[in-house]
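Each of the two complexes below includes chain A, the first together with chain B, the second together with chain C.
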Partner chain A sequence: MKDVVVIGGGPSGLATASELGKRGYQVILLERNDELGGLLQQCIHDGFGTILFGESMSGPEFADIFISRVRDEGVEIKLKAYVKSVKKKGGHFNITTVTPKGIEELKSKSVVYAIGCRERNQFEIKIGGTRPSGIYTAGTVQRLVNLYGILPGKDVVILGGGDVGMIVARHLFLEGVNSILMVYPEEFFSGLPRNAQQCILDFDIPYRPRTIVRSILGDKKVKGVELIEVDEDWQPIKGTEERYSCDSVILSVGLIPYSEKLEDLGAKIDENTSGPMVNEYFETTVDGVFSVGNLIQIFDYVDDAVKTSFIAAEGVERYLEKEDEKNLGIKLKPGDNVRTVTPQRIDQTTDEKFSAFFRPEIEKENPKVEIVSGDDVLERHVKRYVRPSMLEEISVSKDILLGENEVFIDVR
Partner chain B sequence: MGINAKVKRTLDEFPSDVSFEVKDNVVFLEGKVKEYRDWVKIGSEIGDIDGVEGVVNNLECEGKELTDIEKVIDKSKGKENIRIGKYDVVIIGGGIIGCALARELSRYEIEVALVEKEPDVSLGQSRANNGMIHPGLAPSKDSLKRFLNIKGNEMYEDLCEELDVPFKRVGSLILITPRTMKEYKKYIPNPIYKFFLKYILPWIVKKKGDLNGVEDIEILRGSEIHEEEKNVTQDVLAAVKIPSTGIVDPYQLTIALFENAEKNGVDFYLETKAVDFVKHNRAVKRVITEKGTLECEYVVNAAGLYSDFVAELAGAREFTIHPRKGVELLFNKRLNGWIDRCLAELKIPSHPTSKGGGINPTVHGNIIWGPTAEEIVDRNDASVEREKIEEIMERYSSIIPDFPKEEFIRYFAGVRAATFTEDFVIRPAKWVKNFLHVAGIQSPGIASVPAIAEYSIEQLKNMGLKLKEDESFDGTRTSIDRVAEMDEDVLERKIEEDSRWGNIVCTCEMVSEAEIIEAVKRGADSFDAIKRRTRAGMGECQESYCLLRISEIISREMDIPLNEVKKEWRDSEFFDGFVRGEEL
Partner chain C sequence: MSDELEERETLCIRCPKGCRLALKIDEEVIVEGNQCKIGEDYGKQEGREPKRIVPTTVKIKDAKWPRLPVRTEESISLDKIKDVMGSVEGVVVEAPIEKGEIIIKDVGGTSVPIIAERDMEKIR
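Showing the complex of A and B:
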């Protein structure tokens, strides 16, 4: 019987596994791919590690730090490992894996899900038209260009004005495509301002706000797209259709936590984050099942995603050592001008403070961030500037929550 | 009144300048109409006339010229001087019909060839439908459709068993709700309206089914309905339960028929477009294709959407295809369990752009909504308009109102090869001796497949084809083993033999590297061909994880560079050149 099985060898899985190894637990790390590092391996741009390590690294460099750590801490690693099922039986878990070495039944006292997210595809955003070759998600393009040295096409339309789309646009520009057009339904780029500047504006890459791809054109290969303008509610405006020639369409239209496997295990899912509901140690609603990184919600920085690993490692230790007290179950919810909040509940009284992550719905200078119960403001935080593209973190005192049923995070 | 008089009377109702000619009960229309809508309407009304066996609609209208035969078939590309072979029967078209007929003919000691313009079988309407094996309730009593549907439906267990293709006789419910005849509601007092819907209409539907030869139809009311299907709308008044309805994976079945026919000696020529025929003494002697010439004793026209063009090349044009598009929405497997049977809400009169459709389970555990029905000009147009997706979500949600209708993972369109008589056209050509039409196959075409194959062979026999059973015929075929459906001890053994069975490359559908390799070995040479044979890429992420990983396996197994891996056709390679300054 192992102490913990960590599913997913991306940054947050690596960090969780190494941290638990360091704390002396027997850890198995399962990864479906043939290498560790997850999405970071295809992110050759820099900007990783500025929060955790105070220096800007590429994705693979950042991953390497944690890959060395899991190896140093003696974590047992299984690559090309497909998790067929996870079943809770009594106080432990039976995990069935399929690998090129065979089928293996693992037993562990706890499980950490670190399976991240997937990219939204053309169907989820109802792009019409034909289905030729030449439509890719941004992640596929990153892999294609950075790992294989192959371009998706020569004339590219990128749908989505977020960070990934902007970074891919810059990459393709530098790698020599003929033309790039970026379109997105928002009024402004939805990614970080620094990316808008460094990836799009600095290279004079053309962009069109309030525009989406209505249809794909072409039978065998993409021949173009039909663009259409949208209003403030992202509804297409009739009469603004325009045909635009291109040979590939790249979708960077959002990430969705891979929460279905957890749902199958009985974990409750938060409609706002699309990830599992977790407590302050990132334990899901199923005892002994934890969740870290982008599976909880989509983080802007890998550094923040990895922070959840350290907190969850603490939670796993408390679970394994049976240090948990009664579950308080105080609910934490998004209040005024807030879209998402994690954790969604507070269970334990230990530790004075906990980290709460929230995504604001508005852009505002010097806003007040308030922890509210009914009409009472329990605690007030000050932020310099908030915007929807930036996930915010606050450190909340636990004692103020005691006795409450549910509290809200408001931004004013 | 003769056909001439009836046609004339029908045409008098239209203001247009249309002339006609009748030859052997086939009506030829000449002239001009304004809109495509009129083109379809006139054709349909003539097709409805009793005794009319075909409508050749040569009317001109705006936009129609885009789909002229010359746009599709270039006779000058035919390679007349290259002889490919000599066959007793040449089948034109590798859809489910052509493949089923090829397999059926492979039981006999004759030489059979099939030519298909696309690089794989099943690329027309055979791949883009909901796989429903209809019970035979909808077609009219005297139609060929009804006869073949009832018979074909009964043959499905045996066929799918032999070919190792999943088939489920799930049954269906036709739901009668307050919306069923809502256009008449205002003319009828509510209690009478409800009484009619609850007690009379189900009986009428059952009676029609009984008369058609559909067996074991039951009428359900009240709680009986929700005991059968817990999630159907609460306001359902009655339901007609039909146990014989089934479901199948239409492209897997087509591929299975193809593989088995090939095993039994049929020569398949894929990516080989027939562009002309050489005739002598009112009989086709040679089929000219873009790759060479096939000598033949008999020709079968199973060209689906292009069957009227193929007929025209042979001088056997007795009908015109008016393409009718249908869009379907496919839902996440996780919703498996929401319904057990095929469900449809009866609407009288039927919806102008969608005559039927409903909510069906698939054999793989998905749920599928649709199809719509829309007359279109361009038979090659399988595009889906954004608005159609919303229309389907709106239209079928009244059947199971609580269903999470936003959780679809894909949508697609298929184009039905409808003729104006709207019945199957399975008969010897009227003016060519050795040419058999197996055309106009639309719903319930898939359900009728096994019977169509048998019936077509009867026709060929009547035309003089001599058939002697081939004792070496082996009607069995096995599918590619699926890791997702394998018992653990079997999988364990397979991985021991070959570790690639344990390398899962599509995690949504749990498909292993070994399955991909097996598909390539069986002749799949594109991503989509592999997808249809293994289900890789058909899960919720829709290829975003496995596209590159599988392309890499294809590239390795076929020994081609990654940027030459194609989606389906030549000229549909996925990736472009190399990044600046790099070569592989």
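Showing the complex of A and C:
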């Protein structure tokens, strides 16, 4: 019987496994791919590590720090291990994996899910026309270009002005595609200003705000798209249709926590984040099952995703040592001008403070961020500037929550 | 000699606000559009010499992947990026490669090396 099984060898899984190894627990790390590092291995641009390490490194370099740590801390690593099922039995978990050796069963006292997120695809957005070859998600293109050296096409339309789309646009520009056009329904790029400047504006890559791909044209291969302008509510404006020739369409239309596996296990899912409902140590609604990183919600920075690993490791330790009294159950919810909040509940009285992450719904300078119960403001924070593309973190005092049933985070 | 000012627009990247900065570049850099001192300092640096790390890949033989991710060891002038990409093109290396290994000593006349971003083991 192991103490912990960590599922997923990306940055959050690596950080959780190494931290628990360091704390002296018997940890197995399961990774379905044949190498560790997860998505970071294809994120070859710099900008990782600025929050945690105070220096800007590439994805593979950031991953390498935590790959070294899991090795140093004696974590048992299983590659090419796909988790078929996790079942809770009594006080422990039976984990069935499929590996090159066949089916292997593992037993552990606790489980940490670190299986990240997936990209939204063409079938999840309203996009008309035919279904020829030449339609990709941005992450797939990043993988093709950076690991295989394959360009998706010569004349590329990118739909979506988020971070992944912008970063991919830069790779394609530098690797020498013929033309790129980025279109998105917002007024301005929805990703980080850093990426707008360094990926798009630096190279004068053409972009059109308030524009979407209405339909994809082409029989066997993409021949073009029909573009249409949209208003402030993203409604298409008649008469602005335009045919535009291209040989590939790249979709960068959002990421979604990959929470189906947790749902199978009985964990409750938050409809705002699409991730599991968690407490302040990122324990799901199933006792002994934790979740970390982009599975909880989409983080803008890997540094923040990895922070959840250290917090969850503390939670796992308390669970294993049976120090995790869970008598509070105070609900934390998104209030005015807030789209998502994690954690969704506060369980334990230990520690003075906890980290709350929220995504604002509005853009505002020097807003007040308030922890509110009914008409009472329990605690007030101030931020320099908030915008929906930036996930925010505040450190909330626990004692102000005692005796409350549910509290809200408001931005005003 | 022209005494016309060079003017450029850039987006401040120092906080989530992302102010649009207008840079007027002469002997000194005049920054407009910023709303704080941090933005002014950033604009001045961008006006003097915008610098970037350049990430790309090179072909690698006998390795797990067909491409090895590499980058300039330090940031280089934005206007040298084309030269850097040109001198990386066609480079082929052989596994094994270690993270940090120098792939090109002086890339595109910048006197900055291109380094490997990760280990890549030899396969077979």
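We take it that the second predicted complex is superposed on the first by the 411 of 412 C-alpha atoms of A that agree within 3 Å, B and C clash if a C-alpha of one lies under 4 Å from a C-alpha of the other, contacts with A are read in each partner's own complex, and residues count from 1 in each chain.
Keep this in mind: a contact is a pair of C-beta atoms (placed from the backbone, for glycine too) under 8 Å apart; a residue touches a chain by one contact, two chains touch by 3 or more.
Here the structure is a predicted model, which is why all the values come from computation and not from measurement.
Once the two complexes are laid over each other on the shared chain, residue contacts for A:G149 go to chain B and to chain C alike.
Of the two partner chains placed by superposition, only chain B is touched by A:N121; chain C is not. When the shared chain is aligned, no partner comes close enough to touch A:I95: not chain B, not chain C.
Counting residues of chain A touched by each partner, chain B versus chain C, the larger count belongs to B. In the overlay built on the shared chain, the residue A:G139 is in contact with chain B alone; chain C does not reach it. In the superposition on chain A, A:D64 makes contact with chain C only, while chain B stays out of contact range.
Touch criterion met: A:Q41 reaches chain C, while chain B stays clear of it. Residue contacts after overlaying the shared chain place A:P193 against chain C, while chain B stays out of touching range.
Shared-chain residue A:V112: touches no atom of chain B or chain C. Contacts of A:L201 after superposition: chain C is touched, whereas chain B is not reached.
Shared contact residues on chain A (touching chain B in one structure, chain C in the other): 145, 148-149, 175-176. Chain B makes touch with chain A in their complex at residues 334, 380, 382-390, 408-412, 483, 488, 491-492, 495-496, 499-500, 502-504, 507, 510, 540-545, 547-548, 562-563, 566-580, 582, 584. Within the complex formed with chain A, the residues of chain C that make contact are 9-13, 15-18, 50, 52-57, 59, 64-67, 69, 71, 78, 81, 85, 99, 117-119. The touching residues of chain A, counted against chain C in their complex, run 34-35, 41, 44-46, 56, 58-61, 63-64, 145-149, 171, 174-176, 192-194, 196-198, 201-202, 365, 384-387, 389-390.
Touching chain B in their complex are the following residues of chain A: 32, 80, 82, 84, 96, 98-103, 118-119, 121-124, 126-134, 136-137, 139-140, 143-145, 148-154, 175-176, 214-215, 219-221, 236, 247-248, 260.
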